Amino acid sequence: MHFVRNAWYVAGWAKEFDHELRHAKILGEDLVMFRASNGEVAVLHDRCPHKHLPLSKGRLIGDQIECGYHGSVFGADGKCTRVPGQPRVPPSACVRAFPVHERHDIVWVWMGDPEKVDPDDVFDLDQLGDPEWDAHQGDALYIESNYLNVAENLIDPAHVTFVHPTTLGSDAHSEVPVRCDASADPIYTWRWIRNAPPNPFFQNYADFKGNVDRWQYLYLYLPSTAVIDFGSADAKPGSTEDRRDEGIRLFAVHLLTPVSERETIDRWMHIRNTHVGDEAVARVVDEMFRTAFAEDKIVLEAIQLEEEKPGAEPTLQLAIDQGSIAYRARIKELAEAELARH
Amino acid sequence: MHFVRNAWYVAGWAKEFDHELRHAKILGEDLVMFRASNGEVAVLHDRCPHKHLPLSKGRLIGDQIECGYHGSVFGADGKCTRVPGQPRVPPSACVRAFPVHERHDIVWVWMGDPEKVDPDDVFDLDQLGDPEWDAHQGDALYIESNYLNVAENLIDPAHVTFVHPTTLGSDAHSEVPVRCDASADPIYTWRWIRNAPPNPFFQNYADFKGNVDRWQYLYLYLPSTAVIDFGSADAKPGSTEDRRDEGIRLFAVHLLTPVSERETIDRWMHIRNTHVGDEAVARVVDEMFRTAFAEDKIVLEAIQLEEEKPGAEPTLQLAIDQGSIAYRARIKELAEAELARH
Amino acid sequence: MHFVRNAWYVAGWAKEFDHELRHAKILGEDLVMFRASNGEVAVLHDRCPHKHLPLSKGRLIGDQIECGYHGSVFGADGKCTRVPGQPRVPPSACVRAFPVHERHDIVWVWMGDPEKVDPDDVFDLDQLGDPEWDAHQGDALYIESNYLNVAENLIDPAHVTFVHPTTLGSDAHSEVPVRCDASADPIYTWRWIRNAPPNPFFQNYADFKGNVDRWQYLYLYLPSTAVIDFGSADAKPGSTEDRRDEGIRLFAVHLLTPVSERETIDRWMHIRNTHVGDEAVARVVDEMFRTAFAEDKIVLEAIQLEEEKPGAEPTLQLAIDQGSIAYRARIKELAEAELARH
């Protein structure tokens, strides 16, 4: 399995960065990161070319990194500006610098071909930055599982009944058919539960007269960002997806960063169109999601361990897997196309 | 090294099973086990064929297992009876079920070819179930060593002097020759110490007038069950093995379950023909064995680590190794014959 | 990478040995060691040839080792003298014994071809045993890094400014050029800081009138012993290395024992020509070195982890690396010459 390299991945929430060296591993590569005095985040390969000490073990001298072993100095662009003990800096003494873009309080890093970098490609969503909506950053959840396992879980409404019985799911949903548009971009799956009582969360924060129409829409943006739109609106015959803004909507956004072949960071946040600016509601939502995603983590880590056992047979494909099958096929295609170009 | 698969292995003491999912690893295979409402123990491969979540992470719905990820349901026979979200159950959605047999409060599982299964082959011993004898289940001792190392230790009286100086052995024995019938089934080794003072344990629980004849008989049943018959009787010229029932006999029974190539569970119990029904005596015996077997564990785990070092030369064969040599040869033969049939 | 086997390596400080079994690993080989009643240290391969139990898990019977599994007995020369249960000792029942030599309270073991052993080759230094000098054994520092990484650090004055800013180094040194005699035996590097204030340590223990000339001489004896001569003398135009005995000299001696490909024990001691016999000064010096070498350990272990990552590119060579480059080349030559003879 190869990673998709020509993509923007989340390096962290903007608030995590300041004028301090910070290590991260993304797509198996060790990176050193810091926010320079001009406010921009720099990301470099975390290894001095001389004796290979990680640069994150050195220190910042202004906006440059001094290696902690022999004091070679590197700028935010990766160029070496000083080698103590010799007047000339060898041209090969440089480290790879990675393009960075900050948007909506999230720092993204480009892990691929520098010639293909385009800040316009950074993930965006209309509701982010819209004053009618409230966006709230949650946790950076570390999951010992390949990111494909994590991502397919996020386009899979069928697991909710069984993995999240106390939070997001209920037995009533288990036979509601899941629909999928596997050729769309983003790939998405959805289902409607018509004319049913509101679930406890939506009941508490809305003023529904009676039964509601409930929906789940799960969007998966390549390579690894998911937006899950949960919502409820007063039950009405013939409702369609266009009517969603009449109700209460709560988005769970998952920004997946592959750390290694077997580790992923799932930075999740939520966006909602109700109780905008109400921190207490934000905390209630976060706590609900925190509980639910911890349940996913248990399942995803168990599956990873099975995957690593020798001689594991292929998984069985079911009707509910359409989104996952399409997603894995597209990732494979992207990764193979990148390899072919090398 | 290959395991002997066409054999009954211990899955656990009968008392360990109830209406709850329980994981075990036997011969490197992950199993999920539970006692159904009809009293029978079910053993299945511990992996849902869909996304490979271990079934032991799901839950029991009556006498069926519901997978904890997407709710597929499997019966005790491994057949899938429900896939939520689709009307038809795919024929390939099933998991392997393993034959089980319970005898003398021990649950055995058949790990091999289902066509060769025969409950009559489950290990038995006349003294088990005989009211003149008291059988007492001890511990499930986890040993990080290949089961062949553990088994050969159990047919090897020569180590007792050096590994168990404070419990089972004494310097006096070290030069008493060990005899072996390597062609018998079970393979067995033995030695007699004639006309010697009784050892402390037997002295405390018998009424010997003076010196005794002491014996150790070690029986090894393929693939991995050992019965060690320790005993003492009043010293008498010309005593033979037929006279053993005139004395006090104490059997240590070791039921070895290979977990992986480097792990074994040694479930041990004892059987005795003295103080039948006396729980206090049973506890004294167990405590003595618990101390002794912990000493074996140290040796067997150290040997395993040596075995795993690169470039280890072959072991040296001594006169005391007859039983072990015969045992390893027969296991090799059995395992190779099984492979040849595939 | 292969080890240099035809060499004396440190097995321990003499004071670490008494009439007790002790395990060590050197060049990846497990050894059992003890001091016999004649005062000589014996070193044997730590594995009984029978079932491979480490002999260090057995016990001393006089000056022989009794295996803890079946009681076979081995002398300090590795010959087997007893196998319980059989009258004849098989000729192949012996373990490898390693030549040992003790000098200046250090025990050295010869890991190579027994025909090439020569006690005259054991490392020596004029100042060891000289009553004008005080030699003080420090610690056995365990470092998870290949010994070549550790050794090259010891012939590298350039790292001192950056790794030891609070103890041995100062920014003032970083541009003083390092000189190297890469063809000498031992290889050595050096630099002089002329007419500068004494550093705090030398100031406290000497009576300098004003500025001093300071020096660092780093000698690397193959395969893995380093002597670092730090010193200061009253500043005088035209000083040369011959003048070092006019000042205060402090030697850090590092005796490296490769444990495995990724582990090294650095037994360090110091020798000084001031305050001879003053234990309080010895403790101050040790504490300073202990702090500094713990800083090296962090760097060397981080480098080892980088070295083990897949696909690591070669390190970059700088002007300061002359000593290290020469050292690694000579080790390679020695190891390859040994392999060629086999």
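The chains carry the letters A, B and C, assigned in the order they are written, with residues numbered from 1 in each.
Methods note: contacts are C-beta pairs under 8 Å (C-beta built on N, C-alpha and C of every residue); 3 or more make two chains touch, one makes a residue touch a chain.
Treat the numbers as computed from the prediction; the structure is a model and nothing was measured.
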Study note, to complete from the structure: Fit subunit B to subunit C (C-alpha, same chain sequence): the rotation, rounded to steps of 5 degrees, is 120
Check your understanding: Since subunit A and subunit B are copies that touch, is their contact same (over half of the numbers shared) or different (under half)?
Key -> different
Practice item. Could you put a whole-Å number on the gap between the CA centroids of subunit A and subunit B? Key: 49
Review point. Which residue numbers or ranges of subunit C touch two or more of the other chains?
Key: none
Point to revise | Touch list for subunit A against partner subunit B, complex | key: 158-159, 161-163, 174-175, 177-178, 298-299, 302-303, 306-307, 312-313, 315-316, 318-320
Revision key, fill the gap. Listed in rising order, subunit C residues that touch subunit B in their complex are 47, 49-54, 57-58, 66-72, 83-86, 90, 92-93
